[in-house]
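Naming follows writing order (A, B, C and D), and every chain is counted from residue 1.
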Amino acid sequence: MTSSQNTPPAIRIDSQFDSGNIEVLSVDGATARLAIPHDHMSEFRQWFHFRVSGAAGRELVLKIVDLETSAYPAGWPGYRACVSEDRDFWGRADSEYDAKADGGTLTIRYTPASDLAWFAYFAPYSMERHHDLVSEAAASEGVSYRALGTTLDGQTIDCLELGEGDKQVWLYARQHPGESMAEWWMEGALECLTDPADPIGRALRQRCRFHIVPNCNPDGSRRGHLRTNAVGTNLNREWETPSADKSPEVLAIRNAMDATGVDFAMDVHGDEAIPAVFLAGFEGIPSWTDDLGDKYYRYRAILERRTPDFQTAKGYAVSKPGTANLSMSTNQLAERFGACSMTLEMPFKDNDDLPDAEQGWSPERCQILGRDCLASLLEWLDEGN
Amino acid sequence: MTSSQNTPPAIRIDSQFDSGNIEVLSVDGATARLAIPHDHMSEFRQWFHFRVSGAAGRELVLKIVDLETSAYPAGWPGYRACVSEDRDFWGRADSEYDAKADGGTLTIRYTPASDLAWFAYFAPYSMERHHDLVSEAAASEGVSYRALGTTLDGQTIDCLELGEGDKQVWLYARQHPGESMAEWWMEGALECLTDPADPIGRALRQRCRFHIVPNCNPDGSRRGHLRTNAVGTNLNREWETPSADKSPEVLAIRNAMDATGVDFAMDVHGDEAIPAVFLAGFEGIPSWTDDLGDKYYRYRAILERRTPDFQTAKGYAVSKPGTANLSMSTNQLAERFGACSMTLEMPFKDNDDLPDAEQGWSPERCQILGRDCLASLLEWLDEGN
Amino acid sequence: MTSSQNTPPAIRIDSQFDSGNIEVLSVDGATARLAIPHDHMSEFRQWFHFRVSGAAGRELVLKIVDLETSAYPAGWPGYRACVSEDRDFWGRADSEYDAKADGGTLTIRYTPASDLAWFAYFAPYSMERHHDLVSEAAASEGVSYRALGTTLDGQTIDCLELGEGDKQVWLYARQHPGESMAEWWMEGALECLTDPADPIGRALRQRCRFHIVPNCNPDGSRRGHLRTNAVGTNLNREWETPSADKSPEVLAIRNAMDATGVDFAMDVHGDEAIPAVFLAGFEGIPSWTDDLGDKYYRYRAILERRTPDFQTAKGYAVSKPGTANLSMSTNQLAERFGACSMTLEMPFKDNDDLPDAEQGWSPERCQILGRDCLASLLEWLDEGN
Amino acid sequence: MTSSQNTPPAIRIDSQFDSGNIEVLSVDGATARLAIPHDHMSEFRQWFHFRVSGAAGRELVLKIVDLETSAYPAGWPGYRACVSEDRDFWGRADSEYDAKADGGTLTIRYTPASDLAWFAYFAPYSMERHHDLVSEAAASEGVSYRALGTTLDGQTIDCLELGEGDKQVWLYARQHPGESMAEWWMEGALECLTDPADPIGRALRQRCRFHIVPNCNPDGSRRGHLRTNAVGTNLNREWETPSADKSPEVLAIRNAMDATGVDFAMDVHGDEAIPAVFLAGFEGIPSWTDDLGDKYYRYRAILERRTPDFQTAKGYAVSKPGTANLSMSTNQLAERFGACSMTLEMPFKDNDDLPDAEQGWSPERCQILGRDCLASLLEWLDEGN
């Protein structure tokens, strides 16, 4: 005698969609054991994105294992997984990390109200949304578009250009494709710059010529990679010697920068471990001057003054004089162009100085930060750059 | 001595995105010569979807050639290409077909206001939008979801279920993936059925159990196919003997139908040639009865009475007694279940009885027709089925 | 020593806003005793609309007394009060009627989540929303506007005109201003007629010339009246001998009708007592013919077939031959123009054949019915009128 | 024989709606001669708001005369009238002022595309929108509502309260009801404070207790006044000795302030003449200290740094020591509470440092400034207040 008719069916887990990435090791009822696949032709693995179906009203227990050998094991303690049922609002699910279990296990618990729940390392930003973003921006007054180049999967490197000023400002994001917060930030920045009412955007367009690459790595994005492109290249280690074979994305962007020059550059990223928003500069480049360094420090101070979602206490250690890695874009652009160049890092976790229990760091906060970074740029320019 | 600096740059044409499909033969300034690639492992070719960049304010002249050997050459005379700059509103571009030029050439002329313009055989319906549709529906009161199976590309066959009645109603669309109007129709149908205020949806949910497959062929959809799945199978010729190798989509759906039975079925399609909305039935099945046929004719008459976007004068010739092709779903379901089964065909062109100069047949009209088809179902049921 | 600091403050009740109407007899904590003021210069009283503040999380007990002498005491048994906290979604509050208590008491119980809750006899339709509706419609392709006249409070009688056909169709609403459902219906009707994609609206515009008065009684609307204008006139008893002094609204509309003629007319209303949607015709007019009557019965049958939110079992008794009240618009228009003329009645309560526990009859259902009434008009015309 | 049937009909001008205010002196075809009525029981006149109908495609010539004796004749040179056809987007109409014509004439020229066009001194903010704003804010997490008092027309003085900090911050607007930009500013401020993602709002709510009165003068607002309440009182001259008879609004608000104390106060206004955004302080109050003054100057400097839509070059002359008018709220609150108190002035014209040809100063810019003022408050607090 069995009670099989009373056993709820096992859940199902899928990832065959834009930026989907998971390996299902086993499923038992509403419990699953999962692993994160590597980026293609690369050892990096950290980004996950999958859909669970068939669990309405049941508590899911999702165990992602073997994380001590993931790209950033320090990313898991204190991290809570992102979850959405309507694919619009992304909250956080209760998550717990045990470094000792099963090679390092993140256990996610969540009871969906409906039969479909989407989980991701951070709220995904699909290529379809990317195309919407680029097309809407390109249709705004005074904005032009150009394709800087073509990726190895045949996608375009999309660049939006606007503004009548002479300061050459380059904003670029998602060299590391799993850092989807970077493109959410771009939405906020583009909204500010194309809003006909926003005085920040309007004043910046008088002073600057903007070159905006919302997604430097569409192949990695669509493939569900954390850090690399279609052939496993970490683009942010290619800026000294980009190649058509390994890093056509960087080659295309750097060539375009060579043509315009660069006065100010921001490379937008996410950081797995540090629960804060911070900047990294170009300390240690061969042609470092305190004058140039001060420009960057001044920008950083302005941004810190303007928003409680930015801080300077936490962040990366700086390179010693002469030791900067010129294969990284921020260093390369400071060295190559004398640009005030910087890397913006947003958390996968939260800003622990102003935590949000429901959403943690979120797409909405990325968008707001986008405007605040631009407003800081205007204040910085007004002070005499 | 050249004046090259005064020559506007050549446009660029891309198709590496969801359902993108074009071959660029040559580009000269704002003029391009294009061809439509075959579906993978198939001879069918008719669906196109591409983006043109760099043409703000210039007249594009896009020549798609070699169309006399496309799947439906009769689809080109009188057809106007779909175009969008914001990826939301889809209008029509001036288009002219010359059967004698270059193997059959459709010449599209359009002057975009902005630098990006998207062209397609019909307004595309991406897998991302599909997932939004399915997730939002699944989150509605009283709706459940189940995956009926898995495609050869690893995607799911998504099925939504709702209603407390005993009439088993199956609605399914996009067996032919390039007929994207079929999924726009699904949006309207699902909106009607999940709107807590709509009396049509509410009354139908009391009388019926709905099983809705908004997209039977996600692989073909994503790949930019006209008629086939990932291995070149025309799914609507697989209903007699579906197989896991060639047509797992049909196998999964038909198995699920076997489990529920089918009282009423609608298979939603688009037609390349005929400028009208029409239905095709199951004449010629072995177990034809006039009683069953009358049910179908009665439904058709109700729909004709209810909306000027449906008619019965134009359509397909009917099969002679005993000659119905049972590999097609409509015939198979009528034969297998005694279901009132039908194929809904919407035009790629327009409804010539009520033409719309700006949009032709459009996503918006598909959505409205979705509700009108359901309202007709309710009226049909109320008359005594 | 008292514990007064622990007593929650009394709630506050206000009604000094568009269509506000209540008299506060007493307030004690979260309980209030209320009465409904008469329409100005009239004995009618039934419409209420007020705001309660200061009750977040507390159960309100609102007793509206003396209702046995209200205009329609039969309106209270089975009625549930409309309530909204965001002024967008209108639900229903638990309500109970006791004819014997305090001259007839409706006790409303509701626990608002926030400090502001709005209560009304039906979801209000403000003059501001009216102006939005009229301006948006007037801005649509092919729509013109004219003011038919001026009310005694100096407001305009707004009329929208559209369509290229020769059938003269007049749609008019809110002669009785407290029947706000009538203007919600108008929103749905105007949406259908101005939607460039809707085949119903498009086909009707080919066949008809529409004259639409979304609000015949703006003074009563703004003043919070149930049935009368600024000087206490029941406009729907003025159609035989309208006057500039008592009923300039009717005089203006009837004059405009005289100029165009009327083929089809619908006067949109709400009914206090009957929990159903129904039509009333023009039986008993002097020039009654069965032919004209049949036109009306045929329309009614079509509408009944098309939507479960309409029925013919419940409704008003018909007048005997020769006894029709020609001061009512429906009778007057049938008599005067030989028009197929009718009064549409929607419930303040619900459609008991398809009840909605959460919202009862709602603005959303009014809007949907607006389209279904127009679709029925098209079907009626197509049958040979 | 005349060709009168070819003369287009005269336009019609109406103002019987929320905040409507105009006198029609004469109309001839599409030209009208107009005057601005005084506020009730007051000599102030400057606010106008009216609707023109019947002019689709014709150039309107609207002459508002006798403006040299309006409240602020300096408001007319350089001013362009606000106009909207959809009541959502407010642009500017070509306008020219001739001080010598007809006692001072503003000639507005505009060709509406549709039959209805709305003109106003600034984009109106209706009481209906006010109630939407207040109800939506009150429904937000952690926001409470209280009515501070009742106006002479029986409306409520609505106050929203939020925040867990101990700094008492009062924001209040529309003492002068025709300065509708003040309530648009409030929309932006409330959006910032209630947005669960905005770090500015979130951090401010930790530090402050906000008391927000979006509209101090609902009677004047509804009546279409420029500067006074229902009995002609200029509320911003009542703060020393408010009375229940003349200024119950101020009495209610000041009493509430006495109960909470005030640390920071902003009184939001519009200025007729000066084409800039500026602040006015409390120089000249008896208990002036440079310390308190510096707080205000510091806030002003922060705001100037943060947005190009604020400046300090243009503005009002400051009072000499001991000569401050304590009947004005800003002075009264600084004197009474030692508050850092200020008056924010936005233009009816434009910010001439960053002009917008299409919209001039606009509702959208008011909203953005609302957030920027709050962000400045946070920066000001962080510096050590």
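Keep this in mind: a contact is a pair of C-beta atoms (placed from the backbone, for glycine too) under 8 Å apart; a residue touches a chain by one contact, two chains touch by 3 or more.
Here the structure is a predicted model, which means the values were calculated and not measured.
The chains in contact with subunit B as well as with subunit C do not exist; no chain meets both.
Farthest chain from subunit A (centres taken as the mean of C-alpha atoms): C.
With centres taken as mean Cα positions, subunit C sits 53 Å from subunit A.
Distance between subunit A and subunit D, defined via averaged C-alpha coordinates, is recorded as 41 Å.
Look at where the CA atoms of subunit C average out and do the same for subunit D: the two points lie 36 Å apart. Shared interface positions of subunit B, i.e. residues touching 2 or more other chains, are not present.
Across the complex, subunit D meets subunit A through its residues 195-200, 202-203, 305-309, 351, 354, 356, 358-359, 362, 364-365, 368, 375, 378-379, 382. Of all residues in subunit D, only 12, 14, 16-18, 51, 53-54, 56, 85-87, 113-116, 118, 126-129, 131-132, 134-136, 138-139, 143-147, 153-156 touch subunit C in the complex they form.
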